[in-house]
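Several structures are given next for inspection.
In what comes next, chain A is part of two complexes: it sits with chain B in the first one and with chain C in the second one.
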Partner chain A sequence: MKKTVDVSIPLGPMHPVWKEPCRLKCETIGERVVKAEMELGYMKKGIERIMKGRPWQEVMFLAERVCGICSVIHNMVFIEAMEKMSDIEVPDRAAYLRVVANELDRIASHLIANFSYCYTIEHETLGMYLLNTRETVMDLLEKLTGARVTCSYMVPGGVRFDLLDEDKTDMVIALDKVESEIRRYMQMFDEGPLIALRSVGVGTLTSEQALEGHAVGPTARASGIEYDVRSNHPTYQKLNFHPIVRTGGDNHARIMIRFDEVLQSVSLIKAAITTLPQGLIRGGGVMKKGSIVYAGEAPRGELTYHIKADSFGRIQEIYIQTPSIMNIEACVHYMIPESYSIADVSATYISADPCIACTER
Partner chain B sequence: MTSVSAYIKQMLTKDWAHNFLNAKTAPLESPSYFRGTPHLTGKECTHCFQCMMICPSPGAIEVMKNDENGGWAPVIHDGHCIRCGLCVEICPELVLEAGRVHAMNVHDETYMQFTFHIQVNPVTCMGCGNCSVACPVNKEIDPSLAAKGTSSSDDVIMRVDKGLMTVLHEDKCTGCKTCEEQCPTGSIMVARVLEPLQLVES
Partner chain C sequence: MTLLQSVKNLVRSRSIHVCYVDTGSCNGCDIEVLACLAPRYDLEQYGIYVHNNPREADVLLVIGGVTPQWEDKLKMIWDKMPEPKAAVAIGNCAISGCVFNRPQSLTNPPVRKHIPVAAEVPGCPPRPTEIISAILSVRDLIFKDWETKR
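Coming up: the complex of A and B.
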C-alpha cells in the first residue's frame, strides 16, 4: 500500500486571487484538506487608537477608512450610535436618503464579492460583467454623495446633501438597467454547468455549524439562519424589509444569496426614492456624554460599535467589532474541511467574502 | 444554451453594432459633481481659520498671508487633502468651493456651525496664567492684562482668580487653541463642537 503523507500547505500571505494578505495553513491527506488554520496580522492599522480623543468630525472619516469596500455602513453605524447616545432625532427624508446611500454601497460590495468568486473559479467573463455593472452603481453613489468610495455622507442629525429631482429620475433608469443585467448574470451563474461543478456542494456549512462558528451576514443566511440587523432598523421596517434566506449552505448558495440581496437592495432603493418624504435633511443637535453599543448590518454581516464619549462628543474609548472575523472562523473550521480538494480551498475562502482590512482594522 | 442565445441576441441589437463600429474609451475626466480638492472662488478671506479647525486631515489646509497684496487666503495641499468638503461647508465667506458642495448647500440651505467650550482641570492647573496671557482675545479686551494672568476687567474670557484659572465668557472664544499650546501641564482643553444645521422655514 502506498504511504499517505501528511503535508501542511500554506496559502498566502500573497495569493493571486486574494484581495488582501492573510495566511491559510492547510493540513492535507493526499488531496483532501482535513484541517485549516488562519494566520492574521499583516494589515494592522491601529485605527481605533487613532480615533481616541478626537471629535466626531474627525472620527467619522477614520471610521470610513476602516474598510474600503463597505465604507458607507461604517459611517452610518458610527453616526447612528452617536445620535442614539445623544438623543438626536433624524428627519424622515434624511433617514430615507441614508438607506439609499447604504444600499447602493451594499450593491457595490456584493458585486465585487461575486466578481472575486467568479475570478477565483476562472469565470472571468462573468466577473468582468459584474464589475461593469458595479461601475454604474458607483456612478450613482458619486452623483448622490460626491465621492465614489469615501462618501462621508451622513452627519449627526441628517445627511450632507439632498437628492435632486433630476438625479432621482437618472437613478431609477440606471437601477432598472442594473436589475435587468443582474437577472441575466444570476441566470448565467445558476445554470452554468461548469460553475456548478466548482460550487454546488463545495464548502457546505450547515445551520448548526453556522451557529457554532458564529457566522453572520450572507454566509449565515445562505445556511438557513434568518438573521439580519436591518430588520430592527426603523427605516427598513417602514420599507417592509424581510431578510432573504437560502438553505443550500454551499458556495453556490452563498453567491446566489448575494445576487438575491442585490435585487432586494435595488427594490429597497426604488421604494425609498418613490416614497421619499418632503422636509428637512438636517435636524441639528450636538453630541453629549455617554456610552453605547450599537449594531448595523454591513454587507458582510453584523457590525458593532462600542463607543464611550466625553461631554463634548470626543471619543474616549472605541471598539469596532467587524463581521469578517466571525465568517473567517466559520470558514476555516467548517467550510474548508468540507471542500473536495486543495484547489477548492481558495474558492471556498473567497465565497465567505473575507475582508481582512475590516478584521484587523 | 441560454447564454449563447443571449450573446447572439445582444449582437443583433442596433446599439451593439454602433458601439462595435465606433469603439471609444470614455473620456478621463471627473464629472462636475465630483467632490475634488477645494479651489478658491476669489472672494475675500477674513482669516477666521474655521476651515483649518474643521479639517480632519492634518496639514491639508493653511490660511496664509499673501505677500503680493497683503490679503489672506487658504492654501490647499493636494497630497494631504482627503476631499471631504467640510471646509467648504463651514466657510462663512464662501471663499472655497469643491465640486457642487457649496451649490448643494445653497440649494438645501444647510450649513455647519462651531461652538467652543473651554475645560480646565482644577487638579493639575497651577494657576500660572500662561493661557490667559497668551489668549489673543483676552489681549484685545484688556491690554493691561498682568503677566500673572490676573485682570481687573470682567469682560475677559478667562483670568486667574485666587490662584485658580476661572473661565468667565466661554462664548467669546474663537477656538484657536493657543491656551492649550501654552499650558505647561496640559490642564486646559478647548473643545470644538460642530453642529450640522439647516435653515428651518417658519
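Coming up: the complex of A and C.
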C-alpha cells in the first residue's frame, strides 16, 4: 500500500506560544503539512447554560466573561440587543462614549494579537514595543471605565461614567503618541527582511476560500472581503466609518490590517471625542419580553447574540455565535496546508488570532 | 547554614522559571499574565522567566476554574515539575469559581482541590503588579532554605 502520510504531529494542548489550550493535529509529508485538524473542548465552561433563567442584571456580567480580551464588545452587543428589544433610547453622549470604550478595547486586542505573532516568529523586540504601547491604551481604558479588563462600562440606557474634560486632552495626547509609535512599528514590520521571509506568502487564504470557510473580521478583510458590521451601526455611520480591505491574504496582510485598524480606531476615537455631544449619559426604560438577533463587530469579526427574554427581563434562551470558530475553520482547512513547513504552522495559526475562550464559552 | 545552602538560596532568588496553564478561564487573567512581560512591569528584572515548559518550571501559574478535560491533565503537569515547586492560583475563578461556580456549570473549582496551592491572587482579573508580588512572595516562602525545611 502506498504511504500517503509520514507522521501525524500533535501540537498542544499546552504550547509555549499559544495563550490558550487546544490541540492541533498536523498530518505531514516530509516537512509539508497536507492536512490539519483541530480538537477543541479544553475550555468549555457552559456559560450559555448558566445564563438561562437568570435576570439580565446577572447575564450582563456573564456576557462580559465570555471573552476577557474583547470583553467590552460582548457587553456592548448584549446591552444593545436588550435595548433594541425593549425600545430603550440611548442618549447621544452615551452612544459616543460607547464607541470610545469599544475602540480602545479593539486597539488593545489587536496589539496583543500582533504581539503574539511577533513573539511566535521570535521577533521579541517588536513584540515588547507593542506590549508597551498596549499599556498606554489600557491606562486610557482604565481612566474611562475604572478597570483594565471586564469593566462593565455599558448599562441599558447609557454608560456608567462620564468622560471629564480634563481627561479628554490627556486622551488625545496619549492617542497621538500611540499613533506615531504604531506608524513606526508598521514600517518596521513592513520593511523588515527577516519578518518578510517568515510572513509574506505564508498561509495564503484567497477570497474564494475565505467565503467558503466563512472567515470573518480582519482575517476575511485581509483576503479582500469588504465586510464589517460596524458600517451598519448608527453611531459609526455618524463618524463616517469605512472598512479597510487588503488583498494579500497571507500572514503579512493579516498582521498589517490589524495595524491599519488600530490607526483607524485611533482616528475614530479622536473624532468621537472632538464631536462629543453634551447631555445626559444615562437614560432609563423598562425591559420588555421578546426575542432578537443582534450582531456587532468584535476585534476578531462578527459577533451575534440570539436572545429570548420574558417580561421580567429573565433570559429564556440565549445563543452566542463568536467569530473565532469561523476563523479557526478557515485557518485549519485552508491556511495551514498552504504554509510551507511545520515550523510555520504556529505562526499561521496565531495570525488568524484565535480566541479559544470565546470559541468554546 | 552551609555554604552550599547559601549558594542555592542566592541562585534560586534570582532565577524563577514560570509556566502558566489555562484551565478554563475567560482569558482575562491570561492577558494580565502576558501584560507582566511588558516593559512597564518587566518580569525579568526580578529574575522571573516565562518558559511554559513544566519540566523546567519552578512556579506554576494556574488560571481558571478547572474544566473536566483538565482535571487529570493539571495533576499530570504538576507531577512533571521538578522539586522545589509551587503553584499560584490566579484570579477568582481559580479560588472560588467566580461567576462560573453556578448550577449547570461544567467547571470544578477550586484549584486547591486538585493540586496543592502555595498562594492565591484574588481579582477578576488581578492586576499585573499583584501577580508579580505573589510570585515574589512565594519565592521567599518556598524556595529559601528548601532542603532544611523538608
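The definition used in the following text is that the second predicted complex is superposed on the first by the 356 of 361 C-alpha atoms of A that agree within 3 Å, B and C clash if a C-alpha of one lies under 4 Å from a C-alpha of the other, contacts with A are read in each partner's own complex, and residues count from 1 in each chain.
One rule holds in what follows: a contact is a pair of C-beta atoms (placed from the backbone, for glycine too) under 8 Å apart; a residue touches a chain by one contact, two chains touch by 3 or more.
Source: prediction; values computed, not measured.
Trainee: Look at where chain B and chain C land on chain A after superposing the complexes, then choose clash or fit.
Mentor: fit
Trainee: Rounded to a multiple of 10, tell me what angle the C-alpha centres of chain B and chain C make at the one for chain A, in degrees.
Mentor: 70
Trainee: By the touch definition at the top of the document, which applies to A:71: first (chain B), second (chain C), both, or neither?
Mentor: In the superposed model, A:71 contacts chain C only, not chain B.
Trainee: Thinking of the overlay built on chain A, is A:55 touched by chain B (first), by chain C (second), by both, or by neither?
Mentor: first
Trainee: Of the two partner chains, chain B (first) and chain C (second), which one does A:227 touch, if any: first, second, both, or neither?
Mentor: After superposing on A, A:227 lies clear of both chain B and chain C.
Trainee: Please indicate which partner A:138 is in contact with in the superposed arrangement: first for chain B, second for chain C, both, or neither.
Mentor: In the superposition, A:138 touches chain C alone.
Trainee: For A:43, select first, second, both or neither according to whether it touches chain B, chain C, the two together, or no partner.
Mentor: second
Trainee: Could you look at A:150 and tell me whether it touches chain B, chain C, both or neither (first, second, both, neither)?
Mentor: both
Trainee: Taking the superposition on A as described, I'd like to know which of chain B and chain C A:357 touches: first, second, both or neither.
Mentor: In the superposed model, A:357 contacts chain C only, not chain B.
Trainee: Looking at the overlay, does A:162 come into contact with chain B only (first), chain C only (second), both, or neither?
Mentor: Once the two structures are laid over each other on A, A:162 reaches chain B alone.
Trainee: Please give the nearest C-alpha separation between chain B and chain C in the three-chain superposition, to the whole Å.
Mentor: Comparing every C-alpha of chain B with every C-alpha of chain C, the smallest gap is 6 Å.
Trainee: Where on chain A do chain B and chain C both make contact?
Mentor: 61-62, 150
Trainee: Quick one: which bits of chain A touch chain C in the complex? Just the residue numbers, please.
Mentor: 13-17, 19-21, 41-47, 49-50, 52, 61-62, 65-69, 71, 112, 115, 128, 131-132, 134-135, 138, 148-150, 355, 357-358
Trainee: Please name which positions on chain B make contact with chain A in the complex.
Mentor: Of all residues in chain B, those touching chain A are 2-3, 6, 31, 33-35, 54, 56-57, 82-86, 89, 99-101, 104, 107-108, 110, 115, 117, 119, 191-198, 200.
Trainee: Quick check on the complex: what are the chain A residues that touch chain B?
Mentor: Against chain B, the touching part of chain A is residues 55-58, 60-62, 142-143, 145-147, 150, 152, 155-158, 160-162, 164, 184, 187-188, 191-192, 280-287, 312-314.
Trainee: Which residues of chain C touch chain A once you look at their complex with the stated criterion?
Mentor: Listed in rising order, the residues are 21-32, 34-35, 37-40, 51-54, 64-65, 67-70, 73, 77, 98-100, 102-107, 124-125, 127.
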